[in-house]
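In structure tokens below, several structures.
Presented sequentially are two complexes of chain A, the first with chain B as partner and the second with chain C.
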Partner chain A sequence: MTTKTGDQESPLASQVDPQTSVSRVPPPETPAAVQTRFRVIAAFWAVIIFLGFPIWWKTTSIYRASLPLEEMVHWADGKTCRPVFPLEIHLSTPSLPYIEAQHLLRTTQHTLDDLNEFAAHHLRLKLANDTTGDHTGQDSSEHVNYAARETPDTALTVRLLPQEGLASPRSELHAATTQLDVFYPPSQIPVSSSSNSPLSTFIAAELQQLYGEEKATIAHILSGDTARLASTSPQLAEDISRRLRRSMKYAETYHLSFSLFTPGAEPSSWDIEAAVNEYVSPLLQALSPISNFTVDTQVQLYANFAPTAPKPEYDESEAVWTLKKEGLSAFVNAAEWPLNPSIGTGPTINFILYVPDPSQSPLVVKENSASSWIVPQWGGVFLLNPPLSNDEQGSRSNPAHLSLGSLGPAFMTFSHQLLTLLGTPSTPASLPLRLQTSIRIRAATLLLSASSTMGSLARLTESLPSIPIPATVATSVSTTLSHLTATCSHLREGRFGAALASARVAETEAERSFFEKSMVGQVYFPDEHKVAVYLPLLGPIGVPLVVGLLRELKRIAAKRKAKAS
Partner chain B sequence: MALLFRFLQAFALLLLASAVAAEHTSNWAVLVSTSRFWFNYRHLANVLSLYRTVKRLGIPDSQIILMLPDDMACNPRNAFPGTVYSNADRAVDLYGDNIEVDYRGYEVTVENFIRLLTDRLDEDVPRSKRLGSDAGSNVLVYMTGHGGDQFLKFQDAEEIGAWDLADAFGQMWEKKRYHELLFMIDTCQANTMYTHFYSPNIVATGSSEIDQSSYSHHADNDVGVAVIDRWTYYVLEFLETQVTSVTSKLNLGDLFDSYDESKIHSQPGVRWDLFPGGEQEGRLRTVVDFFGNVQNVEVENANATEPGSLKEDLAEIARLVERWQKRDEEYSAILGNSAQNSTEDLHSSTLNLKPKTTVGPSKMAEDNGWGKRLVGASVVGACTAIWVAGSILGRSSV
Partner chain C sequence: MAIDRRKIAVFGAAFVLRLLLICIFPSLPDLLTGRVEVSTPVSSFKRLQEGLFLYTRNVSPYDGGVFHQAPLLLPLFALLPDAKSSPLPTAIFYFLVDLLNAHALISISASGQSVQSRLHSAVRKHVRWDGVSVAALFLFNPFTIATCLARSTNVFTTSGILFAVSNAVGGNSINAMLALGFASYLSLYPALLFIPLVLLCYDRRLQGPAPPNSTSFIVQHGGLLLATVAGLLGLSCLITGNFWEFISATYGFHLLVPDLTPNVGLWWYFFIEMFDSFREFFLGVFWLHLASYVGGLTAHFRSQPLFVITSLLGIFAIFKPYPSISDASLFFALLPLYRHLFPLMRYTFFAGAAILYSSLLGPAFYHLWIYAGSGNANFFYAITLVWSLGLSVLLADVIFAAIRDEWEQENPERVGLKVRQV
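Moving on, here comes the complex of A and B:
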């Protein structure tokens, strides 16, 4: 209240002063007006500093969740984890006393270690407790819940069986189980004094050979193309790199699409459900630890070749229609055949059953009369030439319905193509063993690929400072890193199924974090763009504000000076 | 003699190894026109001509991403409805009846283009609209439109900067989304667009230097507008007359040497320094490494017997099937009477087919009404507080 009265007094005082009104200068500002102006300017600046600036800062700043960059780079450089593959092999010796079996185990292990040149992949022998080795083999080939197990997976059971009348030991691999029978002449049981014996050498060499391809593949994956094992033959190395080239990129889910294409109206139906159940499901069940699969099927009638595709030629000598091998890549009419169903996220593996027109039947590949081929990273094709039926007019036609029996060869071939496309190794000659190998190879691949994605993301974060990084990415990264750690320790302890399970999670999360949808933006704005955006905004507002502030500062400075003098 | 043989063998192996290292496993093409409206007919014709060429050389539609911002074939001003020509002789209808446009009209935006390259797309975007390339893919990126110094205009509405493009390629390289990349651009001041690239294994070429225009080649008087750009015209001339099949051995060096400035009326540029081995190595890449498709189809010989061959596998699969059936039978035997049904159940359960769920309508609005109400209330409260504070301050000063 006191200030109020003071304010009212001062203008009165200036009006009565006669001296100043003589010269035509404006009357001096009353202290009250000066104070008001000061308050106004202060209020504007307060709004700008305390409200405008934080809002501008908040709305234009880019949210970047903090990522454990160093750890991510270490994973990518392979500093955190050196993947090892200790394979546990059970040695079952029903007819040997414990001491001798122990000795045999030791010498064999010794020979194996001498033979091994790739330390990351090694075989560990162990005496089987139960003598019913057959049961173990049966069990591990079936789908079991790997994650729940605490003990290492048994890769192989070797059963030693004495057999009279043999000159040297021989082995026999059970094709349907993970069991290797070794028959040996009873005379060759190693005596405990000798450090080596033909039997242990034989077993070691046999095992070495059995896992040769797997070892070479894993060495290839871990080291890239450059370093290869000395013992790997160039043929095998070429095989491996070819297989890695043609196999599909790993995906959590694959869509299998079985399509029947025919240029005419028949056949128009097929026993597809029975065929899939009969021939494909067992394999899918066996592959279920590696990936998920969905199956869909279609029938396409009047499916023509592309106009540019080479036409089949008639081979007089064989009485067959032939397709040239180099023309096969144009066989699939990608433009018109509906082959890329856009379902879900995973890639589609296409299997095409093509029934040629009766006028062009039978149709085979010219070079080797084969009727099927694989298109790398895409799928497979099978040419089915069903027996033609003659009608009354003498024209030949395809059967209207393809029965389960006639689909058998085609679907067996598709199963084989599926194995090939998923990168299953070709040896050893036992499907369960090959699937196990496949699990280890996939685990190694996924471990590397998730690690390298982590490295990529870390480098991206550092190199593009203006890209936003939402919190979900940080969550995904930490999930990935923890699952990578789990994978690594599972591998070290020989639990490959569990390792693959966590590697799959790690890979999925790593992909999710890298391909986060909101991490895009036109990240770069040139400076002239920024000026163009801010100038119209700041010009009209900024100039009066800044000038007002300067004048006020000047006044305060002058007042200070006056006071001081 | 044996020594010589061994030496030769080692040499052959070395050759094989280098061939393997340089090999790519798939080819992808991203063909982008960035301008719409009838007077930019030639930009769409440029892209469609390239599309026709890569398709002729074997890249399937599923591996070509075609971005056309306008539909010239159905433009009401088109005197030849349903067709697009890139030459006044109108010999080849580029639109044809076998064309797959992946992004059309207003879908062609800078954001979509960058999302396409970096694959940061929604989960429900179909695979035909995605660039599914991997570490073994050679990618051809061709762009045409109206551009300037370090930018290329998209649809008269926005522009992509050379920096953004460089960063997109950088991210592709980080995620191993290409093996080698050929970048081609036909626009005014095109060579400025690739100056900021920094990721390796890229060969870039453009139609004109900074401050140079890129001209059209000729107009078709019946169509009424220019139908193709000069640089693209001569690139296509080379591709169509010299690279006649996928087996062509012509290399990038030959392609770039064919540039004739007196014909193109601007100075085309090539950037080699990102390529390992520089110009020397880059010139040796064949044209079909980028414009053609590698597809080494593997015919399966039914008579081969090596491990992993068809025959062996078939036997193994047959065994697997047999065991499966046996287990089925055992299983149904255990279940006794309902044997038949359970077998069928087992079959269907093994298929891993997801049960089809019917998709019902879902609520569009997110259900956090209370949160919104809270925000609204606090805003109103804050405003009231400011008003009250202001009125008190004002009263005190008057």
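Moving on, here comes the complex of A and C:
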């Protein structure tokens, strides 16, 4: 197919018919013809050399942006940053004179330091500036401007309140704020001379207990080994690893999907918008420093159990239908129920509100009569048994509409399940404190995960010299590293909200650089395969060109020799 | 005036035939417009209509990502009545362009450059068709008729090339460069014809009274071509407003071949299958392959620049990015000028059969693939391979015949001997 004109001459030049006549030999090529052939070959090769090779070089060379490999490996090995968690705790002593308060602070801090055995996580006491100490509980709603603040986050405010008629101090944690009230008998105010007092011991022990789980969790994350902390009971260690197993992997965005499933035609509507606004939105608002959330809802009628799932059994003694605990894993009919595994980027957390058929109502779990359970790393299920109504024929039916009131318990459960699925620790009792703990845990997790992604990327870059590294990857890597540094310094200074914000950016950029599409594509394209790409087309084109060139070179060499001799 | 009467008869018959076709089959133009063999993304009349619609409503015609043709066509077609409601004026306009092309062909043929030029004189120069026959072969070629009825804008590129050649053989080198500039502006690839065309002009000028200096002649004409294209681009810029948008939508589209709609060429299937990371490289290879023939052919047939143009047009019809049957029809239009080479050709039957076979089976296989769903892309691709094979065999055969002709001219005692490949 190559209509290469130089080759067309050969049949003519070697025109011979030996059988009919021996005298007919082709006339010798004229010098002009030789010249022409040389020109033709030169024209083709000029195109190849002056245009072909530059294009080949330009289009197939692999661009490898330089990455700070050593720095990346250091991050992964934990050499660059040792995360520390200095928690600032304000001590508000409205009824104590300054000197005494100072003394109490010192002794308590001393006791605390003695008790602490995990250096990365320590509590720092500080006297509150305003002695009225009434700015408590604001932190959880002020997360938006974390990054703007220069001062460390206040983890907890301890208010010391004298109370008559107490034998020993007692404490009270506010469930909705970050405030711990400690009531003490006025007689127990430490005297300046003593180095220890029951009150400071009590406060230290109280704080230690308050942050016990967090400390154990962070130690677990940083070292992957809970046994290191002597104070951690095996029970707590087991709890923590169970919680970490159950909770979802961290993601920038979670999709919450609330689904109403019922095997019959009713209920067919629910006050979902009101319920989400009432029970879920405030929680999502509080969780917004940690992740973004989207909410989807659906109603699915005539949703049957999978044929293989164990059927509910009737329990005569309790007059309820029961599901066996071991059968719960088959409860969700994954094949038929339209539970979209992924709505967008990021994982979906499914919450299923199941209203059993009137003939099988009420439905509970057999072993503990519970009506809800968590599916680890997937979502939660709630069995709602609404009051049945009797119609004229005497058959019972579910209500057609589920009001906000009847949804209340279910959504309380869902919010609790959401917190569990997101890995929020179960203690202490105050939600703002748990969220703060969550922020610190997430910051630690993300810091480690982004660092190890950097290490993986560095190793990948070193082990596969043929993959291209686009400039965007280099940009992402430098963004990641700078945000990791920022995270580390924020942590050191106790600004955990800002640390988490940086860590989130670092994690996102790290993932983006590691999963860069144009990089991954080349991994499956080893060098040997290039022969298969080049040869089928360039082989047939190249052979006549190369042969022509060789012939021409031979001719020139022969001519030189003839001239020389 | 006998010849003139024949010319009028041929032109009249061609005009009436086209008119009859659209009167008897009113749906034929729209059918042909939609055929991938006739309309490519860079020449489709449908896409032109889209661009025109946007243009007349003061929206950038390239906004829709559908229109990829030169912007100067827009004001031209905006003058014509709407093709949907009154198709006749547009159709007649295309008929007239066809007749003009035929007229240019007649003048090329009349110059006799194909058989006798400054450096070359064919052995069988008496074996030739006159201009009217050549024009008739062009006008009654089904490929030409299909292109004309489908209102493909390739027709204008064809005009540009034919007028460039006819002016060059007529010795009017400035007009030749203007026409080539117009063709290059429309379709980019005719710029590759510059070297043989300027040689043709140069040879013609040497036959005249005042022989010019070769280097300055070439530089002057190259400058003229560039100035023409630059002027047309400037005008386009005035029309569209956004220079880079129109450059990337037209020439970028030609060069980077982003639209892989099936056509009769070889690019679309290859680039569908190509790994993404090698796409740019093979784009370069394909374009260089197309361009590399210019140097070789010109060097070999330095004495016959018109033949170089003819064979390059054949190569373009096979290897250009968005070929259609109109490119083949341009090649077939110039081929009859080389009637004297026909006796030397060896595979005419095979080539003709392959071309006929593929032009009959091509639409059938396309139907099987796209509409019936009983075939796949390979059906149509196989047929386009046969089509390209037929054209390549024909082209190689013509080139062989031309070489043989030159050889016989050097060795007059061996005229008519059989050759055998060893």
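A few notes on this one:
Note that the second predicted complex is superposed on the first by the 452 of 565 C-alpha atoms of A that agree within 3 Å, B and C clash if a C-alpha of one lies under 4 Å from a C-alpha of the other, contacts with A are read in each partner's own complex, and residues count from 1 in each chain.
Following the convention adopted for this analysis, a residue touches a chain if its C-beta (ideal position, glycine included) is under 8 Å from a C-beta of that chain, and two chains touch if they have at least 3 such contacts.
This structure is a prediction, so every number in the text was calculated from the model and none was measured.
In the superposed model, A:541 lies in contact with chain C only, and not with chain B. Using the contact criterion defined above for the overlaid structures, shared-chain residue A:377 touches chain B, although it does not reach chain C.
In the superposed model, A:533 makes contact with chain C only, not with chain B.
In the superposed model, A:36 lies in contact with both chain B and chain C.
When the shared chain is aligned, chain B comes close enough to touch A:426, but chain C does not. Contacts of A:479 after superposition: neither chain B nor chain C is touched. Contacts of A:295 after superposition: chain B is touched, whereas chain C is not reached. After overlaying the two complexes on the shared chain, residue contacts for A:56 are found with chain C alone; chain B is out of touch. Number of chain A residues touched is higher for B, counting chain B against chain C. Across the superposed pair, chain B and chain C both touch chain A at residues 36, 39, 522.
Across the complex, chain C is touched by residues 1, 3-6, 8-9, 11-12, 14-17, 24, 27, 30, 36, 39-40, 42-44, 46-48, 51-52, 55-56, 59-60, 518, 521-522, 525, 533, 537-538, 541 of chain A. On chain B, the positions that touch chain A within their shared complex are 13, 16-17, 20-21, 23, 25-26, 56, 58, 60-62, 98, 100, 110-111, 114-115, 118-123, 126-128, 132, 134, 136, 160-161, 163-164, 167, 170-171, 174-176, 293, 295-303, 306-310, 312-321, 323-324, 347, 350-354, 397. Across the complex, chain C meets chain A through its residues 270, 275-278, 280-285, 288-289, 291-293, 295-302, 311, 315, 388-389, 392, 395-396, 399-400, 403-404, 407, 410-411, 414, 417-422. The part of chain A that touches chain B in the complex is made up of residues 36, 39, 175-176, 225, 234, 238, 241, 245-246, 249, 276-279, 281-286, 288, 292-295, 306-308, 325, 328-330, 332, 334-336, 339-340, 342, 345, 347-348, 365, 367-368, 370-377, 412-413, 415-417, 419-420, 425-431, 452-453, 456, 459-460, 463-464, 514-517, 519-520, 522-524, 526.
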